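Think of it as A, B, C, D, E and F in the order they're written, each chain with its own count starting at 1.
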Amino acid sequence: MNAKPVSRFPVPELKDLPADIRERIEAVQQKTGFVPNVFLALAHRPAEWRAFVAYHDALMEKEPGAGCTLTKAEREMIVVATSGANRCQYCVVAHGAILRIRAKDPLIADQVATNHRKADLTARQRAMLDFAMQVALESHSVDEPALEALRAHGLTVDDAWDIAAIAAFFAMSNRLANAASMRPNDEFYLMGRLPKAK
Amino acid sequence: MNAKPVSRFPVPELKDLPADIRERIEAVQQKTGFVPNVFLALAHRPAEWRAFVAYHDALMEKEPGAGCTLTKAEREMIVVATSGANRCQYCVVAHGAILRIRAKDPLIADQVATNHRKADLTARQRAMLDFAMQVALESHSVDEPALEALRAHGLTVDDAWDIAAIAAFFAMSNRLANAASMRPNDEFYLMGRLPKAK
Amino acid sequence: MNAKPVSRFPVPELKDLPADIRERIEAVQQKTGFVPNVFLALAHRPAEWRAFVAYHDALMEKEPGAGCTLTKAEREMIVVATSGANRCQYCVVAHGAILRIRAKDPLIADQVATNHRKADLTARQRAMLDFAMQVALESHSVDEPALEALRAHGLTVDDAWDIAAIAAFFAMSNRLANAASMRPNDEFYLMGRLPKAK
Amino acid sequence: MNAKPVSRFPVPELKDLPADIRERIEAVQQKTGFVPNVFLALAHRPAEWRAFVAYHDALMEKEPGAGCTLTKAEREMIVVATSGANRCQYCVVAHGAILRIRAKDPLIADQVATNHRKADLTARQRAMLDFAMQVALESHSVDEPALEALRAHGLTVDDAWDIAAIAAFFAMSNRLANAASMRPNDEFYLMGRLPKAK
Amino acid sequence: MNAKPVSRFPVPELKDLPADIRERIEAVQQKTGFVPNVFLALAHRPAEWRAFVAYHDALMEKEPGAGCTLTKAEREMIVVATSGANRCQYCVVAHGAILRIRAKDPLIADQVATNHRKADLTARQRAMLDFAMQVALESHSVDEPALEALRAHGLTVDDAWDIAAIAAFFAMSNRLANAASMRPNDEFYLMGRLPKAK
Amino acid sequence: MNAKPVSRFPVPELKDLPADIRERIEAVQQKTGFVPNVFLALAHRPAEWRAFVAYHDALMEKEPGAGCTLTKAEREMIVVATSGANRCQYCVVAHGAILRIRAKDPLIADQVATNHRKADLTARQRAMLDFAMQVALESHSVDEPALEALRAHGLTVDDAWDIAAIAAFFAMSNRLANAASMRPNDEFYLMGRLPKAK
C-alpha cells in the first residue's frame, strides 16, 4: 500500500465525485485492477476532468484507418518520448507501462524515455518521434521541411496532425503533473515487463 | 478579406460541420463579428474540437469566487505571457486582443507578451506570471518554494491550480497553433486598442 | 498622461541638456509629436547619446542604393525580430510602430516580433531575418553557409553587413533598454495600426 | 607577417580612408606599434566607424571620478568576460591584451575570459562581472535585486550604467566581429604577458 | 538472445582479449550471469579498459567509512540521475538495475532517472543529487554556496568530492556510451523489479 | 611564488604520497620544471589518481600509427576546445600551454579555446573539433551523419573513438577541476608563447 500523496493539490474521495466521473473511474478500475492516480488528481475539477479525458481518448484510443496510420502503440511512443524530455515522472511511468503492453515489448519504453535516437524503432517511427520532439521542445521552429520529412516516410497529413496533437496534449499533461507533483501508482512500474504466460 | 491560409491542415467549410459545432461557431460570430480562426482550424477533428473548447471554457470563462481569485483579465495575462515565451503568433495576437478588452488597458498585452517583468502589473500579478512562466518553460523544476511565493501574495491553492492549468492548456494550444501555422484573424490586431467611445 | 518612470537611471530635463542634443530632440518632437523616451533615457550621458544616435542613423536612415538593397522597412523588421527574441519592451513597441508605418502594414510588426517564421514575408525577407536572428542569438556560429544563404536570395555583401550591423546595434540597444527598464511612450502602441485617411 | 584575411567583408587601404579616420588610425599605430584590425575592418563604413570609435572611447577611456568608480582595467574585465561568453575571438584576444596591460597582471585576462567565477578578483569586481554577464546573456531578467547586489558592494548608480553600457556595447562588437570573422592581430597574443623590465 | 549490435565501434571476442581483462570479465559473468556490454564495448582498447574499470571501482565499490558517508546505493543514485540528464540509454538502464538492487527499491531508479526532485528521497539525498546535477550540467557555476548546501545536510568534504567525482566520471561514461550507441543488455531492464523470493 | 590555494579540497604534501605517485610526480617536475597542480589536487585519492593518470596517458600520449591518425597536437586541440566550452580554467590554461608547444604555434590555443570555428585549422581538424564539441555538449544527438562527416575528411574509425574518448575524458576532468576550483600553475600562462631560441 502506498501512503505517499497522489498530488500536492486536493484529492477528493471517489464517493464524492459526480456520477459520470465515478462510473468512468470504476470502469477503469475494473479493467486495470487499480485507479490510475491521474483520474483522482484531476477530479477536484469535474469540468476540466471531463474535457481532459475526452481529449485524451480522442487522441489515444483511435485505431488506424482512413488516412490515420499510427497504431495505438506508436501513439504511446510519442507520449513517452516527449514526457521523458519534459521530465514528467507520472507520464513516463504510467504511459511507459501502457506502451510496453501495447507494443508487446518490455524494453521499448525505457529506451524511448531516455533517448529515442537509440531506441529499437523503424525509420518511420524515428521520423514520427523526431517531429514529436520538435513540437514538444521548439514548436515555434516547425516549418515545411519538418512536414516533408514525415511525408518522406509515408506519414500522412492526418498522421502529422496526430503526432503534433499528441505531443501538444502531453505538453499540457506533463506540466499539470509536474506542477501537481502527481505520483504514478506503484503498479505501473512493473506492468508489461514480464512474459504474459508464465 | 484575408486570403492567406488559416492553417496548414485541412479547414472544413462551416456548413459541413456537425450541428453543435456549427451552432457554437455561429454564436461566437454573432457576438464578436467574425469567426476566430482557431474554431475553423480545429474543426476537421470534431471530437478534439469539443474537448478543446470545453477545456478552454472551463479555465478561461470562470468568474472569481469560492477560493478562486483570478479575474478573467488575469487569466488572459497568463495566456499572453506564456504564448509570447512559446512564440505562438495566433495566441499572442488573439488573446492579446481579449486581454486588452478584459483589462480595459490598450498597453498591457504588448507589455506582457514581450517581457512580463517590465509590464504594468501588481506584485500579485507579477507572482502569478512568474509561476505561470515556470510551468510553461521548466515545469520539472516546480517545487514547494514556487508555491510559497504564490501564498506570500495571497494567491490560493485554487489559484495555483488555475495558473498551472492555464499555462499547461496553452502549452498545448501554442504547440498546435505553431505546428499548424494557424493564422490569427486580421481583426484581432486592433481590438481593444482604441477608446470605447465610438 | 503617463507618470511611470522612463528609466531606472537618472533622466535629465530637456532644458538642462547640451544645445546640440536639445535641438535634435526638439526636431524629433516637432516631427513625431512627442519625444521618444530613449532620447531622454540616454541623455544623462551626452557623449554616449551622440554616438548612439549617429550610429543608429547611419544604419537605419539609409535609403537603398549602390549595393545596399534593404529598404527602411526591412531594416525595421530586423530590429523588431531581434528585439522580440531579446524580449526588449522598448524596442519591440517603439520600432514596431516605425515598422508598421514604414511598411504601411498594420500587422507585420506583431507577426515579426512573435515569430518571424510565421510572418507575411517574401523569401528574401525570410532569409534576411534568419541571418539577423543567427547574429542576434548565436553569432559565434556564423560561417560561410549563412552567407551563402543570403546570396541565394540576391542579398549583397553590403546587405549582409547591414543585417549583421543592425542586429548587432540592437543587441546593444536591447541590453541598455532592458537594464534601464526603459519605458516606451504610450503613443507608440497605436501608431500605424489605423488606415491613414480616416 | 600575417596574410590571413582581417575580415570576410571588404577592407579598404589606409590611404583611401577619409582624413579624420586615417589620422586617428595613424595615431593609434604610432602609439601601439601596429594598427588593430578592428579599425580596418570597420573602415568600409566611415559613418559607422566614427560612431563606433566615439562610443567605445566614451565608455572605455573614462577615468574614475564623480560617482564613476570603475578603473580602466575593470572596464576591460567586463569586455573580456562578456566577449568570452559570446565566444568572440577578436575581442577576447585584443582586449585580453589591453586588460593585462591596464591591470598589470599577466594572468587575469585568461582567467576572466574562461570563467570569471574562478578569477583573482575582489568581491566588488566579482559583483561587477556577475551583473555584466547578466546583461550580456539574459538582459530581459535584470531587475531590482541585480541592482541591489551592486549597491551592496559599493558600486554606484553610474557604475551600474557603465557596467551595463560596456556589456551592451560589446554585445554589439562581439556580434560584428563574429559575423565578419574579424581576425585579431598576432601582436595581441603576447602583449602584457612578460615583465616590463626587458 | 540479442542480435542487435553492442556498439558502433569494433567489439572483440572474449577469447581474443588480454588475460587480465578476460579473467575480470569472466568473474563478472559468473557473479551476474551475463557480461554487461560495456565491458565488451571498451575492450578494443585494453589500456583504456583497465583505467576505466579501475576508476569506476575506486568510486563505486567503496563502502561508507572514514569521512565518506555515501552508501553504494546513493552512489548509484548519482549515476542514474546524471545519466538521465545526459540521456544515456546504457547507463540509465544498467545502473538503474544496480540501483534497484542496492537500494532494495523497485521504484527508485525510474523516479531518479526522470526527475530527482520528485523521487522518494531523504533531504540529504536530495541535496546530494542537486549538487551532482550542478556538476553534471553546469560545473562552471559551482561555488561556495553549493558546498555549503551539502554541509547543511551533514555531507562531508569527502562526500562532496565523491559526488563530484561520480558525476564527473559518468559525464565521461555517458559521452562514450552515447557516441558508441552502446546497447544495454536486455537482462538489466527487469533486474531488481521483482520481490527477492524466487 | 603563488600562495593561492590549488584546490578547495585537501592537497597532501608530496612527501606523504605513496611512492609510485611521488616518483611519477617528481619525474614530471624534473622534465617540466614544476609540478602541475592537477597532480597534487587529485593526490588525496591515490586509487583515483592512478586511474586518472593511466587513462589520460592512454589517450593523450599516443603517437599516430595503425589506423590512428591524430597527432599529439590535435589531441590537445580537442582538450582545449571542449574545455573552453565547459569553461574550465585549469584545462584551458594548462592544456593551452601544451597545445602551443606541441603544435609549435603560439596563437592556436587562444583561438581554439574561444571559438574553434575561427581558428587556423585544416578542414580535417575543423571536422575533428565539430565532432568533439558535439560529444562534449550534446552527446545524446550523436548519430550516423556525425560519423559520416568524419569519414568524409579521412578520419578513421579509430580516430572517431579517440576524438570521442578525449572529449569524454575531459568532460570528466573539466567537471572535477570546476568542482574543486583547481588553479592552474602560473607557469602555464606563458609557455609556448615565445620563440624557442631566444
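As a working rule, a residue touches a chain if its C-beta (ideal position, glycine included) is under 8 Å from a C-beta of that chain, and two chains touch if they have at least 3 such contacts.
Since this is a predicted model, take the numbers as computed values, not measurements.
The minimum number of touch steps separating chain D from chain E is 1. Most remote from chain B, judged by the distance between CA-atom centroids, is F. Interface note: chain C and chain D, two copies of one sequence, contact each other through mostly matching residue numbers (shared numbers exceed half of all numbers used). The most distant chain from chain D is A, comparing centres defined as mean Cα coordinates. As a whole-number value, the distance joining the C-alpha centres of chain D and chain F reads 28 Å.
The centroid of the Cα atoms in chain A and the matching centroid in chain F are 44 Å apart. Averaging Cα coordinates per chain places chain A and chain D 51 Å apart.
Shared contact sites, meaning residues of chain F that touch two or more other chains, fall at 87-88, 115, 140, 178, 181.
Every pair of chains meeting the touch criterion is listed here: A-B, A-C, A-E, A-F, B-C, B-D, B-E, C-D, C-F, D-E, D-F, E-F. Residues of chain F touching chain D in their complex: 4, 84, 87-89, 92-93, 96, 106-107, 110-111, 113-115, 118-120, 178, 181, 183, 186, 189-190, 193-194.
Within the complex formed with chain E, the residues of chain F that make contact are 8-10, 44-45, 47-48, 50-52, 54-55, 58-59, 86-88, 135-136, 139-140, 142, 147, 157, 160-161, 164-165, 167-169, 171-176, 178-181. Put simply, chain E touches chain B in their complex at residues 115, 117. Chain contact summary for the complex, chain C toward chain F: residues 140-141, 143.
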